[in-house]
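After the structure tokens below, expect a handful of questions from me.
Letters A, B, C and D mark the chains as written, and numbering starts fresh at 1 in each.
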């Protein structure tokens, strides 16, 4: 069986979530790699949009910025941030891929501060377009390495909405109906959210990882699906496309 | 946000963004060949009782061929957005296509005078009316495009236009100023005429955009009629020039001179003689009936209509009148 | 002294109101002729905007439509209706020129219906952009022939705001501060509005017209300025430019 | 329209459209030659304590030369809109130009990593902060552009981002849905970098517009830096391509490679080596001080800065990396 690293696994698993004929709003790095991989393996009609204005580009390589000139290379439209967010707000964009410094059991994300907002221990970039994408796009996907520092009981700051306090709290908040976190893809497992409580739930384990590992590397109690799958490792095709076409310089998948 | 006052006009469309989102969610994002003839496009996407919007500005970059086809196919009981509706409305009135209308500018053909046919129909009692203004309707489309149920503006207040609108006056939570809240307008179907489009529906046009970008975004279905098809490579070479991306579009119809007898900027100017003939013929019901038979009902295509009114030579004459092509040499 | 007709007089008088370095939103016909005349006689830097999207064109001839291709011929910008109305809403447009089927003593205009709105005797085009321009532009100018059918005690329908019910009623209505009707130019006289009551007031009489004529051709009582001027007739230059350059086919000024 | 909830962050600018109208009213509409050098433009139009906005997207079509000049002239105590502020913010932080900021995206340079200098400054306690999102700031500029005190959106709700914003949640008068009311943002001064402008300020650029059209409209004063001047006849030949009309503009500065070391689409790609050097040097205060002296304080022009970093040959290399120019031949 082919060797692969955990980033290659996460990107491959993430790419499989993106259905052909749907649209995804992505940032730079791993999410963009997953979208590019999906386009080249089974979802040629996946529409990629970048918050700065690029619509459906033919990406010649990984962008360094969601506004750099790669993001509208041979695009259908080089528009505005307003155009992109309006597509999202109107329900045209099916998925978004996000990450963050912290995530909680409801899939809420922190990318703003560690410590008190008035005098932060660490200041992060803030929402950027994450809060917008997570508010408007139908399904939010999160790709992140898993550990107890990242997966926390309580966020220092709720930057980007997941299921908020769980249950029907998201819908009650006023955010568009039918939107919310869909799957969390870590270096150990895939989680979804239990339909009633909206709590994070393990649905699939990556090769070599046990339920125990996953729980030990999480700062809150994870629910477990009735039947837990084994994550399919990256296929030969996924790996070769990822390594040769998507990220030949291994910016994202590393060495 | 309790409204302080509200207009008493009927609201013909649903401003709810969540219901609209469910429809937009279902729209296919795949790049597929959407080219079809106009007859097929109108049959497939324009239905009795739906709410219709026509792009352009009255007799400028207006999908006239599509208006003829809608009348030819006998659509009825439609809602219509009378957003600077001039020659387009004149055609649809002749077919009594609509029975309710959001009014900003209707009946008139601007400097050319008023349409007897449109006026008679509007005075017939067959049409429900809500009053707005040009900018109000633009903002209503923009609200829909933005996926919000309303947008605030500072026009309309203090007038009967407001009183006969379906707008509401609210108080600003920051400045306590009064503002008009304009409800989002999501047309069921819009038709927009452009200079160039590819087979997927990526479309572009030159000159003023009027309200067509917001209209394209707000409409649940969209038919593009285009002077000519271009290859997708040309779109991808210059994505800055794209005005409407393909995933908003349901049908692409190549209709050369599709805005005739109106103006298509950079292509041909309006046929003022023919537009005058329309206005004249409308005054005599029998003559007008025959005129419509001749020019719409007995034509199977827009090309036939143009042939009857001078054909290629007429088009060349109108191109010579289009100063965006000819101004330098005058 | 040169012969001229009342339309030539009205247009010449109107043109003098438009200061160089200001902006005006106009429609087709006489208002456009006045703006074009102003540009050629003393106000070369008058910015003309058309509601359909044309900004600062070099008009080769009179447009037939405010959206025809003349309206952005050699323009600074071929934009959208939203662009134009946003300039107006933000305070960039100093003047607008309007007309209507009826006008009252506060400069309110009717271009919607004669009779009851539910079952009108006569249906007119409606507001178009008139209500928008009159709401947003700083000064509204009206050019209209004068008679008792047009100048009425009570409008059948208030389409476009003037001073509404007079006094401070316009400002109280919520319309932008400092906006309102400025001057009414008829075929007999020029009127402004008395600062307190905001009632229409005669300030200048055209050659050959008396206060009596003007009042007799008005359906409501007109106020009179303390000193009433004699309207300067069109100059030789105004007439020759108007006849030879602005409206050579006499579409507007007639035969 | 009583707010249901409101954020506790400070509102740094006045959303009142009538006060803004009085300022826009005074702007000269005459076509005058506004060409001046960048030093003069920054001296004349950018003042201590004012609220500043920088166009483009972080390190893409960003007026970097203007940011250097603002730092060189020692502007202080400014407000700043951190709307995808990346390299621009990194420069302004080095000069400690701002002491209050509306945050959407700050500190980071996206895939390149985080700026130590920006982060230290943001953690220093010297800067007042209000939280927003990219779209929220775009909408705040659009509200100002539209001359209304707020616009409604459907993001932000339920989060600490909202709690630390200056936004308010209101109820829709049509649907009773909760909406966020975003207050209009009128910057005192904005700088936008473009491909082409004429001497009056008619400006155009290719590629994504990000939020620059709304920014140009919303700002009380506007400086355009341009890769090159073009003749007004070229603007008038193709008014469809104009993005910013002249009467919004106060100064036009011709600054070739004015976005370096960022990307200027269709012209040159970003100088990733130099941007990495910035990020590296920031980690050592003394080295960084020297780096700033070298690259900003001791340069009298942007040209000098580029010369120090490879000059013409570097630019040619970066042009070769710009795939919008070179993709076909790869």
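Just so we're on the same page, a residue touches a chain if its C-beta (ideal position, glycine included) is under 8 Å from a C-beta of that chain, and two chains touch if they have at least 3 such contacts.
No experiment lies behind these values; they were computed from the predicted model shown.
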{"item": "Between A-D and A-B, the pair with more C-beta contacts", "value": "A-D"}
{"item": "Relative to subunit A, chain with the most remote C-alpha centre", "value": "C"}
{"item": "Intercentroid distance (Cα basis), subunit B paired with subunit A, Å", "value": "40"}
{"item": "Computed distance of Cα centres, subunit C from subunit B, in Å", "value": "28"}
{"item": "Centre-to-centre distance between subunit C and subunit A (centres being mean Cα positions), rounded to whole Å", "value": "58"}
{"item": "Subunit A: positions in contact with at least two other chains", "value": "72, 74, 78-79, 89, 136, 176"}
{"item": "Residue list for subunit D, restricted to those that touch at least two other chains", "value": "17-18, 146-148, 153-154, 177, 179, 206-207, 239-240"}
{"item": "Chain contact graph, described as a line, ring, star, complete graph or other shape", "value": "other"}
{"item": "Touching pairs - complete list by chain label", "value": "A-B, A-D, B-C, B-D, C-D"}
{"item": "Footprint of subunit D on subunit C - complex, ascending", "value": "20-23, 45, 47, 55-58, 72, 74-79, 86, 89-92, 94, 136, 138, 176-178"}
{"item": "Residue ranges of subunit D touching subunit B (in the complex, touch as defined)", "value": "1-3, 15-18, 146-154, 168, 170-175, 177, 179, 181, 183, 206-207, 239-240"}
{"item": "Contact footprint of subunit D on subunit A as seen in their complex", "value": "27-29, 51-54, 60-74, 78-82, 85, 89, 108, 112, 117, 119-120, 122-132, 135-136, 155, 157-161, 164, 169-170, 173-176, 251"}
{"item": "Subunit D residues touching subunit A - in the complex, by the definition given at the top", "value": "56-60, 82, 84, 86, 103-108, 110-112, 114, 119, 122-123, 125, 129, 131-136, 138-139, 142, 153-161, 164, 169, 177-180, 206-211, 213-214, 263, 265-266, 269-270, 272, 322-324, 327, 330"}
{"item": "Complex interface listing, subunit B residues touching subunit A", "value": "17-18, 20-25, 27-31, 144-148, 200, 202, 217, 235-237, 239-240, 242, 245-247"}
